[in-house]
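Below are two complexes that have subunit A in common, paired first with subunit B and then with subunit C.
And then the complex of A and B:
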């Protein structure tokens, strides 16, 4: 019975769940805190008769505080050595904004500029333009939850959906290493949608697909994506970075042309059948991309509730602070102490 | 009774300590009558060949024709021979009962041990010179045998006593010794009235004080208070000091400052008055507050004045 009670008490302290210790052994030093109450090693001046003399309350308290401070110093130091910390926790926050998942194409074609001719300023790679603009998007929405998936042949999770802006910025920075491989749109979208899957619908969900081309999706993939979009209730924004030679989605195809020759067009056709809000921004130059992003950033809607992770917090600094305070007090009291009996 | 000069463990004291021995003579007088038969200076109650007139007695009762008083005989009706009788003078016993508890080892402005040695050896010297018997006893929580000296008329008592005391002081100071054997030392004097010099700092609990004074009731007790002034006066002006009581070992800290100085001094003054009052009610002589630079004249004066 006692064992159970002890175990329950131990669980109630939340050790291991909410907090922990880096080292256990310094706790063995804690009993040393009793030392000041037992130890009589200080200088004592002999006096023939103390009993008859009046008791001075100030002196009594000074003596007690000396001992207590010494105990405190020892305890604080041993606690600090043991390195207590609060485990990483989740704090629920309420914000206004959207859940935005950026799906960025990192295929080899993204390294090419919009136009082949022209001066160096005009020949900025599409990736760089996209990165610059997406960074402003990330910087703007302060309450948005953001995540990022990049894809070329395979999708890579760059940043999970969360409130961590720096994470996404860093992921965007990481795209400076040039792109490679093909454009596997479907798998990138699929992965990004997966991140909505385990979250309650607490805000508008938006997928921002940034890509410069399309890919052909077979029927099975199309059905699967459609089902996922329906389930997650995510709207889709496609920033289509059209290069000079690329096909425009605004004008319909000429009669008799094979739709398979233009995968972008096929993709556009497919996205329109998804039954979710869908917009396409066709950007031929950096300014157009900027305008598209500004549109998306304007998505402000119902309150968003989300859990923000708080990283593991080291508590030993407080113990060190306490020890410092105790040490200063002790120094003051030591300064007050008489070293010699001299009138 | 002679002091055993070859007592066990008795080693000759080192000369530089012993050289300080310089007995001073002071004089005392008692107003009670001795019951002893050893010739001395104190009046007794019994008739004999003294010079203090006691009264007249019949020649038949006191057949000493030398002392026939003719005038007194003539006045008697019916006529008879009257003889003058005189009281004898005899010696008394003078004791020094010394408190050698730990607090007497306090080293401040004055050296209490030095003071005790000087006073007791001077007392022994004076007593021997006056023809009385000097005895000594000391007590802390026990009765240290070095100090137990039965009353003696021997001329060398003062020197022997000084040597013993010096030897004792040279031993390590006893730690946390009270004065609980003081009543026993007092009781060991015996029932016969004696002049008792009670040397102590009198930092005693009330119960002990009462016991000692009760044990000293049959005697003529002369308290000699030896206190170091620096225990309560002239403390460091400011600072935090830890103090340990020499007898009980109790530890106390003092945050010394103006207010506390005043309180301690006031308390000390009150205690001094209370002690004087205590001795007054107990019927002893008024206490002699022995200063470090005491003079024999002052002691004589106090003894004469305080003759109850």
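And then the complex of A and C:
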């Protein structure tokens, strides 16, 4: 029964759940706090008649507080050394600049180069070009919040929307593994748009779709995606990595050609009906994409506050502060001490 | 007035000490006592400025891989009266571990389904990227799976292949229930290319030992039903026929045209899922990983910061504990020098000695 009660009490303190100690063993220093009370005696003055003097109450209290300060010092130190911290804390941050979600295609076709012929330098895989371009985009515009979704058959959130650029870079590096599967543009866009859903619209929101081809969207998906774009008021930037055999979106289709034979063209047509700002950048060569990067860097936003989780909030500084106070007190008392007996 | 009071404070503490001892030892002792106090004050004042420096530090590099196949949706964990799916439990335990790792540690994330592991994020430092790591782990979802198969041995080997590329001292923590789906032909299983123990880490077994039904979730994560035995049987594909002998065929055996399912006894329970400890244990022996089972109370952060998982690296190190320990030593010195000359301490030491002597030498 006592065990249960102890366990309940332990749980009620929230140890492990809300706070914790980095190391437990420095608490072994705590018993040292008893030493000043166990040990007897002070500095002695070789004077024969001291015992005859009456007891001075103020001195007695001064001595007690001196001992208490000594105890406090070592207790505060042992607590500080054990490193107490609060768990799952949030810090408030202010974000300016646009909210940019990158939606990156990592399907199998992205492993192919822009042109099939030519030397090795000309035959860089599209994935590598896309990564290079996105790295420039991520490196610029330090106020923007950025996130990334990669997709092939299904979308994967690679980096949440935030101001952690290094993380987005690390996620971009991880795409190096190469693409696979099919191109599910709608699901990728849907997931990225979902990311804006819980936040108030405070300014420019941009979706940067980087893909090398179209995908057929059925009517239902089209309507759903359109509604999502409208609701989240996000503008769309499509960096279209056109391969040699791919169709250019700038020219309109010749008379009598079936649009269904050109999925990227169909996608382009559909994006134009979204009723949100939409721009397409055709990247036949790696340089052409810089225009897109510049355009996106120009987007602005109102300052927004948001909460960001931090791993733990260190509390040991308070304990160190307390120890410092105790040390100052000790120093003051040292100054009050009688160093030499004068009679 | 204060002077008078303080004088009397000193007065109250008489001494039977001889004049000679005090005058000889006194000066040096008083100086040392004073410097101890000054030391404490100096050290603690320094601590207030939060000093830190690049020093070799004990850190941990982890590659967390989560199995996101559908069997991980089985809610067979009970936490505080609520049932939790294996996936949720794995995510929670990674997030706990993230906040327990010391700064300077590197963390990479990966997800497993089908036959391979997708590396979502390359290693990043855990403290400065905590928010992003935490949110990325939280967003891991079965809907991110690009295929529905679950070939666990392929996955584990793939993760172990990736780990050395991510970092020299990268350890792998693989959260899975060990479920193989569909049942695989042992003849087509890959063999581990590395040596056991090349990559350190843990194979974390999720789920209970008693099988439960695997829920089918819809796009909104609501339970739409459960996998039935008949549905599962359809996916059993066991590869080529084993008998290719003409003689056998002439005698009426038509393996080439027969279905090559894994057989009924393997498919009987394929729609149920339990922790396949045996399989994971086997994989652990082959690869040199440690197999551990994650129950509702287990804490993966202890495993992650356990012995043998350490990586020493130059990292930004908090210097306050060093100064704190020095201050502790100075405190003891100050205390000792204050009381050393006193008869009380001598008497105390004597009584302790006597007591110890009494214990060790009861005969005398």
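Here is the rule we use: the second predicted complex is superposed on the first by the 233 of 343 C-alpha atoms of A that agree within 3 Å, B and C clash if a C-alpha of one lies under 4 Å from a C-alpha of the other, contacts with A are read in each partner's own complex, and residues count from 1 in each chain.
Assume contacts are C-beta pairs under 8 Å (C-beta built on N, C-alpha and C of every residue); 3 or more make two chains touch, one makes a residue touch a chain.
Quick caveat, the model's predicted, so the values are computed rather than measured.
Applying the touch criterion given at the start, work out whether A:277 contacts subunit B, subunit C, both or neither, answering first, second, both or neither.
The answer is neither, since A:277 touches no partner chain.
In the superposed arrangement, which partner chain does A:24 touch: subunit B (first), subunit C (second), both, or neither?
A:24 sits against neither subunit B nor subunit C.
Counting residues of subunit A touched by each partner, does subunit B or subunit C come out ahead?
Tallying touched residues of subunit A, the top partner is C.
I'd like to know which partner A:338 touches here: subunit B for first, subunit C for second, both or neither.
both
Contacts for A:74 in the overlay, against subunit B (first) and subunit C (second): which applies, first, second, both or neither?
The answer is second: A:74 touches subunit C but not subunit B.
Does the superposition put A:63 against subunit B (first), subunit C (second), both, or neither?
It touches subunit B and subunit C both.
With the two complexes superposed on chain A, say which partner A:53 touches: subunit B (first), subunit C (second), both, or neither.
A:53 sits against subunit B and subunit C alike.
Residues of subunit A that sit at the subunit B interface in one complex and at the subunit C interface in the other, please.
Residues 40, 42-47, 50-51, 53, 55-56, 58-60, 62-63, 336-338, 341 of subunit A touch both subunit B and subunit C.
Once bound in the complex, which stretches of subunit A touch subunit B?
Result: residues 40, 42-56, 58-60, 62-63, 333, 336-338, 341-343 of subunit A touch subunit B.
Enumerate the contact residues on subunit C facing subunit A in the complex.
Against subunit A, subunit C makes touches at 2, 5-15, 17-19, 22-23, 30, 34, 37-38, 40-41, 44-45, 47-48, 50, 98-100, 108, 111, 118-124, 126-136, 139, 143-147, 320-321, 324-325, 327-328, 331-332, 334-335, 338-339, 341-345, 347-348.
Where on subunit A is subunit C touching in the complex?
Contacts found on subunit A: 20, 29, 32, 35-36, 38-47, 50-51, 53, 55-56, 58-60, 62-63, 70, 73-74, 77-78, 80-81, 83, 87-88, 152-160, 162, 164, 166-167, 170-171, 173-174, 177, 180-181, 308-312, 316-317, 320-321, 323-324, 327-328, 330-331, 334, 336-339, 341.
Where on subunit B does subunit A make contact in their complex?
103-104, 106-107, 201, 203, 205, 227-228, 230-232, 234-237, 239-248, 250-256, 260, 263-264, 267-268, 271
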